[in-house]
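The chains carry the letters A, B, C and D, assigned in the order they are written, with residues numbered from 1 in each.
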Amino acid sequence: MSDAARTSVLPVRVEFGHCDPAGIVWYPNFYEWFDAASHRLAEQAGVGLHALRAQGFLGLPLMQTGSTYHRPTRFGDEVEVHSRVVAFERRSFRVEHRILCGDELRVEGFELRFLGQPHPDDPQRLRAADLPESFRAAFGFA
Amino acid sequence: MSDAARTSVLPVRVEFGHCDPAGIVWYPNFYEWFDAASHRLAEQAGVGLHALRAQGFLGLPLMQTGSTYHRPTRFGDEVEVHSRVVAFERRSFRVEHRILCGDELRVEGFELRFLGQPHPDDPQRLRAADLPESFRAAFGFA
Amino acid sequence: MSDAARTSVLPVRVEFGHCDPAGIVWYPNFYEWFDAASHRLAEQAGVGLHALRAQGFLGLPLMQTGSTYHRPTRFGDEVEVHSRVVAFERRSFRVEHRILCGDELRVEGFELRFLGQPHPDDPQRLRAADLPESFRAAFGFA
Amino acid sequence: MSDAARTSVLPVRVEFGHCDPAGIVWYPNFYEWFDAASHRLAEQAGVGLHALRAQGFLGLPLMQTGSTYHRPTRFGDEVEVHSRVVAFERRSFRVEHRILCGDELRVEGFELRFLGQPHPDDPQRLRAADLPESFRAAFGFA
């Protein structure tokens, strides 16, 4: 699978309500888009939330997130969130996101996620499952 | 029960991120505060979400909402959301909200809610339950 | 101008993060989409925010909003917000929004907006301008 | 100045609408609270947004943010965001945030911010100002 095939692209039009009194995107919105992009990427790979739940998993919760802001983004900008799984550990995987406006890189970010399963001792708690081969393969990793 | 006893008061400090490029509160935030205020009001009356779920109900979904904006609200304003149940129908009830900054009325709004129960034919759907006497009584209605 | 020509259509994919613990769209999100839809509608009519500001106006603030929820909307639903200006007063206009999933009407709402100009006595305050003929004409009203 | 004196504490009650279909806080909300906490911290130090603007600065934009999620947070939890400036560079400073529920650490995060001034060549752009001594001193740094 090529890198392009593994990448999801989420188009976002920056709305008035995404912007703060300084007239630029209020930064928590970038994370909202990252989350939407990761769900889209998982679905595109055949391991979206509905599929995961049908297998008894609870979803793809977060362990860590972060991002770097290169240039301000404003109302009316048409951006794209390019997202790709870049690494797997035994019980976590890393998604990288790049927000582009045309060719210009505006924001870079990542999410470290795991595959949630109910904790055997307490259904209120979550436990990170060992990532199945099929899950890695869905994102093009051998 | 007096009107004052039936009223919940939710203090909200208006944050930078609540405001839009015009420098005033972006209006969907007012509805976010109404929703929080209604949950607080229900909890204060002993029929909060956890209590309702323990009785097999699904929550307090919305049928209708609305609001009127009297004066702009800005970053740094300290407001209060005053909320009260003002009317019951057989299967719905109406919450009224007033957002005050000091004595000044900024926003008035309402929510028409019902008591959700699983639909007998389809657990994905919601049905409006007849409101039990105990539910009305919790909000001070005979 | 036909009704269809006056209508803007904003497609929205319902994301995981739009939904609440009951698994349905948390209602303030509908107002976020209404606001985005109105900005799109105004832009499509040639009176978007950038154009208005170039004429010395401050934007299209809200006097009143409301909505009615017909059926629940869930993660993964692909909906459309259909928006149209339906009435003008001297200093306000009413936008109506319908959220459809396929042919199914999920939510109906409205926004009553005005054309904001700086208040002559206090630049912090807003005043409702008389709506110019050209503004009405932009939305297909004689 | 002691560490305690330099720390701001923002209490947050976790609302229904902060939570996602998995019943836990949807993570962009943590960043919303970080942002509110940083504004509070700056205000407490006498360099809040209004004070900065009076000096010709544009605010405290972000260069980088990140966070680590230790344990899930749910509707009804009463948490506190403890925030402190931990380091200064010539043109940036780092705020650290810890979200606690009682004694339990739920989330750790940081924001790298700068002091924004208008770019001399283009008022639409932002430039990072050299941080004045008075700004460092406001947060208890010599």
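Everything below uses one rule, namely that contacts are C-beta pairs under 8 Å (C-beta built on N, C-alpha and C of every residue); 3 or more make two chains touch, one makes a residue touch a chain.
Predicted model only: the values in this text are computed from it and were never measured.
Enquirer: Which chain's centre, taken as the mean of its Cα atoms, is farthest from the centre of chain A?
Expert: Farthest by centroid: B.
Enquirer: Which of the two pairs, A-D or B-D, is linked by more C-beta contacts?
Expert: Of A-D and B-D, it is A-D that has more C-beta pairs in contact.
Enquirer: Hey, how far is the Cα centre of chain B from the one of chain D, in Å?
Expert: 29
Enquirer: How many Å are there between the centre of chain C and the centre of chain D, using C-alpha atoms for each centre?
Expert: 33
Enquirer: Averaging only over C-alpha atoms, locate the centres of chain A and chain D and give their separation in whole Å.
Expert: 23
Enquirer: Among the residues of chain A, pick out those that touch two or more other chains and give their numbers.
Expert: Each of 16-17, 22, 26, 28, 32, 35, 75 in chain A touches at least two other chains.
Enquirer: Applying the document's contact rule, which stretches of chain A touch chain C when the two form their complex?
Expert: Residues 13, 15-17, 32, 35-36, 39, 48-50, 75-76.
Enquirer: If we count contacts the way the header does, which residues on chain C are in touch with chain D in the complex?
Expert: It is residues 16-17, 19-23, 26, 28, 75 of chain C that touch chain D.
Enquirer: Can you name the residues of chain B that touch chain C in the complex?
Expert: Residue positions touching the partner: 22, 24, 26-29, 31-32, 35, 58-59, 61-69, 72, 116, 125-126.
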